[in-house]
Amino acid sequence: RAFSCGVAMAKSKFEYVRNFETDDTCLKNCYIVVRLDGRNFHKFSEQHGFLKPNDKRALGLMARSAESVMDNMEDVCVAYGQSDEFSFVFKRSTNLFKRRASKLMTHVTSQFSSSFVFYWAEYFTEQPLLYPPSFDGRVVLYPSNRNLRDYLSWRQADCHINNLYNTVFWALVQKGGLSTSQAEERLRGTVAGDKNEMLFSEFNINYNSEPQQYRKGTTLIWNMAEEVVTKKVKPANENEKEVHVTRTRRKIAAHHCDIIGEQFWEEHSGVLESD
Amino acid sequence: RAFSCGVAMAKSKFEYVRNFETDDTCLKNCYIVVRLDGRNFHKFSEQHGFLKPNDKRALGLMARSAESVMDNMEDVCVAYGQSDEFSFVFKRSTNLFKRRASKLMTHVTSQFSSSFVFYWAEYFTEQPLLYPPSFDGRVVLYPSNRNLRDYLSWRQADCHINNLYNTVFWALVQKGGLSTSQAEERLRGTVAGDKNEMLFSEFNINYNSEPQQYRKGTTLIWNMAEEVVTKKVKPANENEKEVHVTRTRRKIAAHHCDIIGEQFWEEHSGVLESD
Amino acid sequence: RAFSCGVAMAKSKFEYVRNFETDDTCLKNCYIVVRLDGRNFHKFSEQHGFLKPNDKRALGLMARSAESVMDNMEDVCVAYGQSDEFSFVFKRSTNLFKRRASKLMTHVTSQFSSSFVFYWAEYFTEQPLLYPPSFDGRVVLYPSNRNLRDYLSWRQADCHINNLYNTVFWALVQKGGLSTSQAEERLRGTVAGDKNEMLFSEFNINYNSEPQQYRKGTTLIWNMAEEVVTKKVKPANENEKEVHVTRTRRKIAAHHCDIIGEQFWEEHSGVLESD
Amino acid sequence: RAFSCGVAMAKSKFEYVRNFETDDTCLKNCYIVVRLDGRNFHKFSEQHGFLKPNDKRALGLMARSAESVMDNMEDVCVAYGQSDEFSFVFKRSTNLFKRRASKLMTHVTSQFSSSFVFYWAEYFTEQPLLYPPSFDGRVVLYPSNRNLRDYLSWRQADCHINNLYNTVFWALVQKGGLSTSQAEERLRGTVAGDKNEMLFSEFNINYNSEPQQYRKGTTLIWNMAEEVVTKKVKPANENEKEVHVTRTRRKIAAHHCDIIGEQFWEEHSGVLESD
């Protein structure tokens, strides 16, 4: 029993180690972006039979996991995903976790990862998950709306460039009968115009008619949805009766449109706070 | 098509946003500790019917998830867990992810979280997982072996103090018929000796005979295990034959012993590097 | 001689210690403010016979030292000083010292400190400097023009509040015959209106007629000054002749006006970059 | 007067900008090194007629300024300087300025810079200071005694290499009649042995007989010096009398010896704390 006392005292003797923790508070009045990337997803996608160039199940699961993150952190004002990456933008005035970078990035990464496994079977009904996948995350700050929008534009431009490449690449392989290294060779040095042309003349594919989800990625924002619910009330001196009450509820809405131009931001002007 | 060109060019125009990323390299020659904590696990454990004061399934699942982290990151030289937390210690000379704090903490958190869901059903055979849980993580650096050992001692002393409290608390509730608030009241102001005494005189429980896993937590280290494998070889001008080859393989070993004193570290002297 | 070789080789053996330096690059597109404060200037001002409540020589020397900083770092777009402190604002697009915080703050502090000693005798003609004084510095980032202007407003409001207090305090001591502790007592709990009233009714001082330099501090900005210089030129096939050339030169201009309101910023709209 | 009230209230409205300051506490239990370097000292030394390859006055002034830093910050356990640089090592347990990096580096830089100007005339009796010089500083942390000693060894090896080069270079120019570019050409590709040989055979200089101050730099540490002071005391019922009291006082001692090997550290074993 003396021993136990000893440990209790020992704890306070050891507690000085807490002071080795450092503060990583994010600068105020900046957008906080947490971006996740799948680790070794090239291999993961092969082992799980992802369809090429795009697997609708995988994109759906990524979006579902991102929604799970947003549901748990309402200060995410917009999220954008493509391929095996997803970015979560916290509003510049957020005070979640006192703006501590490590808390923000690990909580996002954790929620996303556990959701990815949890919802796997809803999207991959025939393909079991072979092992737990991993994502890495980082935090980046953007001081102005212009910088934040340029960040999102950068990711969407990246989506476009990769998707155009992959669309032609897999057409050459799957329909053109080329080996993967032949397809790579064929595409070396080509610009966007060449690739569009190849798709059209050789495979009769109009790239701009491909699904927007593949070409534009997935943008998640909060929508104010009006909901009519029925409530039973019993006013004094009256019989109980049913009344219809309109409630405003935040709901996540997914978009597959251009977010580089002005239109999206004008139509959803509440997403960003002014500088 | 001109549009696509535009986007390609746009990408390079937006790419300046990469320069807003900051460097978070950990100081060299320090131990890097990543500690995870379950978020809202009080509620989570109630919703999933965890046994009190200790749920062997939950502790097993935590340890299994931690092993999954170690299997993916061999530079973790020791890991220690108790309750809903787990600490991973990277050796001071590690160069994994170029010692970038965000990469280290998010990768650990992600692997742990996805493993927790992935292996859930192996441990909770009767209890389905109701929603994806979340863990948060942090990075702390320790410059000396003394500091690192004091950190681990701090966590193990914490384990002891909490477990002793919980053991008495739940004995009072489950066997003594007290309500939770009555039990709380009973324990207010008691020291370790009082609690040991209550356990013994009222419930005939010798605290020091409780399972070590509960009292000491779980320490994971790498063991060098010798393995004899059988290989078929065919020397030139000879028939194929079977040979026995001894290979050394790293395997994770779990311990439930004291790590505050010297003995554990003397017996496993290879775990820490010298100052 | 072998020894010397040894040292040369030794150097490369030791050079690994460079990797312990960490990166402290300031976030892009933010204003970088370096603020200096005199260390123990209460004692320093007494030992050097500073006049109370304001010493014109000391304020002049502070401003001269600040100009020396600006002359050496043209990316300072505005500087503001009062009492024993001075703030230097680097334009948000600066790339000086690659935006490394330690370089920026130590260079500013060093130039200011050496200038303070160097120019001392120009301002304190009768009072020798008794020992080398010291200033400490810090870096703060501001992401928006609003934040930056609020920072400067904060410092100017601080100047006002302190100067009003000091003006009454020293009037009570120097003209009212109170001891310093009696004066302190008298002022406890008074608001600005009370202090204005005391100055006016007891000492016939209208606070708003006090020198602006004392009430508003010193704001330094760059002015574009046109300068006409005479040059000798010799066109081909002509005699040498003198021509007048107008050159634009940046010069530092000192202001002692309000910088909280809009007027100053409208009149000097080039000082800040747009968000 | 209402206006003044307004400013007082305004101040609290603006005070939120304080929250943009970030914490830069240095990791505990690490040595904190602040290194200063002269800015543009090549030009500065030419403009002020520094003797080549070494100017005793300049080295003396550097050391005097460093002593001024140590006198103001007793937690500096050792300082080392050579050429236009000086490193200050704070003991690993220091809590000065709560270990805030910006405070430590700016205070050191400021004190050094103002001292350099303040003491200039004591060392450069014939040469006036033409303008205020500037130094930049940085902070580096070292977790172990080995790392710290390797840091100091790195600087002393650097001193040796540069001084050997400069000694030959200026011998070739000043005594050998070469131009500076001819001397540079002559030295290209030579190793330490070649340079020693050139010094000896062409100029009859034995490099190892050059002053240690030039070859080894300046190391400053604290010495405990016993001092006998005379005090007048008047015991009750006795006449006043003089007594001799021995006091221990810390004094700075300068060394120009090797600090790469063990000897210096064994002779001054109190300088570093154990790991």
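Brief remarks on what is shown
Per-chain numbering from 1; labels A, B, C and D assigned in written order.
As a working rule, a contact is a pair of C-beta atoms (placed from the backbone, for glycine too) under 8 Å apart; a residue touches a chain by one contact, two chains touch by 3 or more.
Predicted model, so just to flag it, every value in this text is computed and none were measured.
Fitting subunit A to subunit B on Cα positions gives a rotation angle of 180°, stated in steps of 5. Taking the CA centroid of subunit A as reference, the farthest chain centroid is that of D. Subunit A and subunit B have Cα centroids lying 27 Å from one another.
With centres taken as mean Cα positions, subunit C sits 52 Å from subunit B. Centroid to centroid, with C-alpha atoms defining each point, subunit B and subunit D lie 46 Å apart.
Taken residue by residue, subunit B touches two or more other chains at 20, 22, 27-29, 141, 147, whereas all remaining positions touch fewer. Subunit A meets subunit C in the complex at residues 27-30, 141, 143-147, 275. Of all the residues in subunit C, the ones that touch subunit B in their complex are 19-20, 22-23, 25, 27-29.
Across the complex, subunit D is touched by residues 1-5, 7-8, 10-11, 14-18, 20-22, 36, 39, 68, 72, 97, 101-103, 105-107, 109-119, 129, 131-142, 147, 150-151, 153-154, 157-158, 160-161, 164, 191-193, 195-197, 207-208, 260 of subunit C.
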